[in-house]
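One structure coming up, written as structure tokens, with questions to follow.
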Amino acid sequence: MIIVLKPGVSDEEVQHIVKKIESLGLKTHISKGVERTIIGAIGDEAILREKPLDAISGVEKVLPVVEPYKLASRSFHPDKTIIKVGDIEIGGNTISVAAGPCTVETEKQTIETAIAVKKAGANLLRGGAFKPRTSPYAFQGLGKKGLEILKKAKEETGLPIVTEVMDTRDVDAVMDFADVVQIGARNVQNFNLLKEVGKGKKPIILKRGLSTSIQEFLMSAEYIMSEGNLNVILCERGIRTFETATRNTLDISVIPVVGKMSHLPIMIDPSHAAGYKQFVPSLSFAAIAAGCDALLIEVHINPEEAMVDGAQSLNPKQFAEFMKTAQRIAGAVDKKIGTL
Amino acid sequence: MIIVLKPGVSDEEVQHIVKKIESLGLKTHISKGVERTIIGAIGDEAILREKPLDAISGVEKVLPVVEPYKLASRSFHPDKTIIKVGDIEIGGNTISVAAGPCTVETEKQTIETAIAVKKAGANLLRGGAFKPRTSPYAFQGLGKKGLEILKKAKEETGLPIVTEVMDTRDVDAVMDFADVVQIGARNVQNFNLLKEVGKGKKPIILKRGLSTSIQEFLMSAEYIMSEGNLNVILCERGIRTFETATRNTLDISVIPVVGKMSHLPIMIDPSHAAGYKQFVPSLSFAAIAAGCDALLIEVHINPEEAMVDGAQSLNPKQFAEFMKTAQRIAGAVDKKIGTL
Amino acid sequence: MIIVLKPGVSDEEVQHIVKKIESLGLKTHISKGVERTIIGAIGDEAILREKPLDAISGVEKVLPVVEPYKLASRSFHPDKTIIKVGDIEIGGNTISVAAGPCTVETEKQTIETAIAVKKAGANLLRGGAFKPRTSPYAFQGLGKKGLEILKKAKEETGLPIVTEVMDTRDVDAVMDFADVVQIGARNVQNFNLLKEVGKGKKPIILKRGLSTSIQEFLMSAEYIMSEGNLNVILCERGIRTFETATRNTLDISVIPVVGKMSHLPIMIDPSHAAGYKQFVPSLSFAAIAAGCDALLIEVHINPEEAMVDGAQSLNPKQFAEFMKTAQRIAGAVDKKIGTL
Amino acid sequence: MIIVLKPGVSDEEVQHIVKKIESLGLKTHISKGVERTIIGAIGDEAILREKPLDAISGVEKVLPVVEPYKLASRSFHPDKTIIKVGDIEIGGNTISVAAGPCTVETEKQTIETAIAVKKAGANLLRGGAFKPRTSPYAFQGLGKKGLEILKKAKEETGLPIVTEVMDTRDVDAVMDFADVVQIGARNVQNFNLLKEVGKGKKPIILKRGLSTSIQEFLMSAEYIMSEGNLNVILCERGIRTFETATRNTLDISVIPVVGKMSHLPIMIDPSHAAGYKQFVPSLSFAAIAAGCDALLIEVHINPEEAMVDGAQSLNPKQFAEFMKTAQRIAGAVDKKIGTL
């Protein structure tokens, strides 16, 4: 930690700060510059992070030196993490594709979509049973009945299930049914929910919130990991900016940035980022070329009749065509995609 | 709902859309312009809001005409709502001031702060027992023990208690102790938590999230209200922008905008918005002059030793001075403040 | 300047960086911490700011210690600057009010508005002759003819004129007519234009751009000041955020933040920030209470017929009422407003 | 244009608005819904765009139906535009690569870089002579001497020159030397500069500003095109968001979105977006896969000694390696890149 002092700070103020830092077991190092005096605190920065050093008289600003996350950091774990879901490896040489409807509506819709996405090369089935909706008057998902339908779709196709949990009280039930548990963007800092899924063993897809910085995103992964569950897949789904031509702005830079800061696999959800199906293929191709580990794509057998997010869902034919081009781009970066 | 069609849309496409809308019980009104054909859907817009009209071939964009919230809207309830907390009226002629520490640390710290803020004119005591922290390694609050301490502080001073709930499983416990229950910014779209506090009777302070639009903010209030609890106080605490000179950017416009769109009282939290105590008085004065109904201000007996948010906490002397100027500005807009 | 090195940096890399810094005439100070080695560069930070230290192998990040602006900074000039426009003092105890039409349309419209705003207590007349418009097909202002009309309005009322310049080629002409020259938000980093107005003597209103950080804003002021013109008034007019309920988001925090960082007066333009006239009074009252030095308000004798920005213009009656309340709030913070 | 009226609007108010619209030569179409009355204005929307309809009593909001740009729009010009620079075609089947130093520093540096990027497959040379710098104390470029050096580099390598113009007074000089003229992000709404380059014949690279919406971006292109110069290349270089891990946030969605809205070619500048050279390859690969028409990449023979933007510049070896992978990804989408 580096503490920059105000111009004209008094000797007493400097001594007070030094004493404070040393009382916590760290050493200090004072450097008097031309314009400012600086105190370096040497030792475990985590101890100081909790202390309001910038509330002390004479302090101008406090500059942290090391990142505040540990288990999620690349320096802690230099090799890329590979997360297993049955035979599937996320984080390795194959880009996984979790496809399916935004929401489980009926058994027929879910199973037909599952069969279609499997045929086109997807290796995971996504589908929402518990749905976070902006309006209390909107369809809130089928809940546990939706989980049962997903189970049948899995029996039918063999595709592992990705589904969301929204409430600490539902974690056990969702963990029972799901192969991969999703934490939605709105819950990225629902810390009790993060802790609860951290106690389980199923891999977690953690979606970045609309205004979550990458550092905060890794801190949320750290919440899950610090409870014992190290199987976290980070999922970018667009951030909120001033631009309204897309539903959100896909922050494609997250791929190389997370790759540098963390060992965790990175997934891209182009459907929620774009909000319009015609932009989904381009954004997916971009993600593949930039080095993502997985994709999350909304597919509906009849988008016009979808109960949620119809405008951003591909139909099975569009998805199958998409997968063919995706395979070529994956090949250009020496990877495979889904089961292709 | 207004549906703008693409240039060159075919008659069959138009008829398909018309039939779809009419099958839902609404009437249609076609208007052929020079550049575009437009379909007006006449009837209850809420029915269409759930349908993915923009997924239909030939549709360029869908423009809603009415706001999606009802109970929270000014057109539904033209008079300003006044929320009672014991004898205190929030939304009326007196600006309430909820002051106190970010976090309950000890009985001594809490009670001393409570006595000090009461003396300076605050009429509510704020204090966190359950704390949402970005880092899993940071102090997470005293939990139920913190609630007990707040109860003692209330017995000592008579100040009603404002405290946060973060988990659906804790709602009953917090409702028992608190006079006003706070939903934090990170949980503004934790819909299950909103529903749960909506089943209670205690007034709710709902904080706006860092990237919550005002419309989404009112939809979150609607979640609480639709469960039966109409006592919602909307609290602005800064939004996330590119500017880093303040912790967040206080969106002061929320005061007149919410005043136009909704009948609910509006509270301002300058401490979290600013992030630095020296900016708190200015922002509070701005809020009073702009017409806010309440303020939420962090005060700590010794900010330098605070376990959370020390840099943004006023000490009792600073708070007392602040209240004096605040009173003068409140007077200039024909209002009173706290117990002054 | 503080240079944080990567974990595992080699001795050669450290020596290379040290040599580089010392070759520029600065001293270095190495501090080996538990997790990182840090180099402090002691001397004139401005010399290093131009060097791409973060392009050097072994460097993790570079943390500047002092602000990059000088003439605009509070530490360079501790007393608040007062800028004189004739008898008017901006930055002192009276809040100036520059009111008038967004755009000069006709002599009649301009003079009638000037008479009305003067009567209501404004002490400056604003009006645009050169107009930056998003569309090339929109009315672009009357140009030099507009300047002539403003001159007549000044002769009629005695109000000093505030008007915008957009092109380096027009600076001389505008400087001849205007008492205060405005640089619009879109030109806040039009550095050649800044230099050109910096060579003149007339006070400059510099508007903050939609995505200009406060530090960049002060750097733009520095451009003007470094050419010799120290009379810069900083004007906040809303920043661009995700929120669409207002045209832009007024960053009210700019008032205390600029007050801390700089000695220059701060003006608020609530009309462009809000975009809707009904929000203009609240935002202005907020600005006064927060401590602004001046206001810039759009007034049109007949907003419904305005050629530009009608929706955000007050009519003379609304402006006169507004000024009365504004006077009361100014009084509560021991200030006067306009000529009231 | 659709005008949504307030609930409870009076018949007189409706008639007043209708009369107003009809007096401008448009027809009206009134539709009384359950909750709102709506007026459709039929005719040329451009006429109404200039009128402050939302300033009229009884109007709640005004919804435009068609886009405000014409020459830049896809509906006006359905085929993709191909822009010729000598033999090079931008917008066709080959992705152009403009590479070179941020700033022309010396003849040696410029020519060596030009030779290196040509050898690696670039087909255009970029280099700044006039440099927009945040600080007045930073190196401002060599100006006309820089243009002379670029000319020599062109003679040496045959690579056409891309360079920036910042001031209306320099347009003629830059047009003389450059093959492609660049308008920087800070000047995207410097409308006089746009008009001036619109009078020339050289192709223009128009960079998107940090907070320019895509619609505003196309309006700025329209400014250039409306003066007669139809050769506009749109360049995305990152927008400003809350995220600080990258210098700006590359809005990759611009590629499919602009492809839908406009016929103009789209270029991506990953160097300014990322701010760090290690992220440049990933972002470029993403852009190629998403369908961009051109890339703008900073390359410096010795980034550590660069006078501007060293941290984001590739060295020649890194650039050559980058081009090889880029070629493979271009091949996967059936395109070529540069001269490879």
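What to note about this one:
We call the chains A, B, C and D, going by the order they appear; numbering starts again at 1 in every chain.
To be clear about the criterion, a contact is a pair of C-beta atoms (placed from the backbone, for glycine too) under 8 Å apart; a residue touches a chain by one contact, two chains touch by 3 or more.
All figures in this text were calculated on a predicted structure; none of them were measured in a lab.
Summarising the inter-chain layout, the chain whose CA centre lies farthest from the centre of chain B is D. Between A-B and B-D, more C-beta contact pairs are found at A-B.
Taking each chain's centre as the average of its CA atoms, chain A and chain D sit 31 Å apart. Rounded to a whole number, the gap between the C-alpha centres of chain A and chain B is 26 angstrom. Centres computed as Cα averages put chain B at a distance of 39 Å from chain D.
Taken residue by residue, chain C touches two or more other chains at 211, 240-242, 244, whereas all remaining positions touch fewer. Note for the complex: chain C touches chain B at residues 211, 213-215, 239, 241-246, 249-253, 255-257, 259-261, 273-274, 278-279, 282-283, 285-291, 325, 328-329, 331-333. Considering their complex, residues 2, 4, 7, 29, 31-36, 38, 40, 42-45, 63, 65-66, 75, 240-242, 244 of chain A touch chain C.
For chain A in complex with chain B, the touching residues are 46, 49-52, 54-56, 68-69, 132-140, 166-169, 186-187, 189-192, 195, 209-211, 216, 219, 222-223, 226-227, 240, 276-277, 303-307, 309-311, 313.
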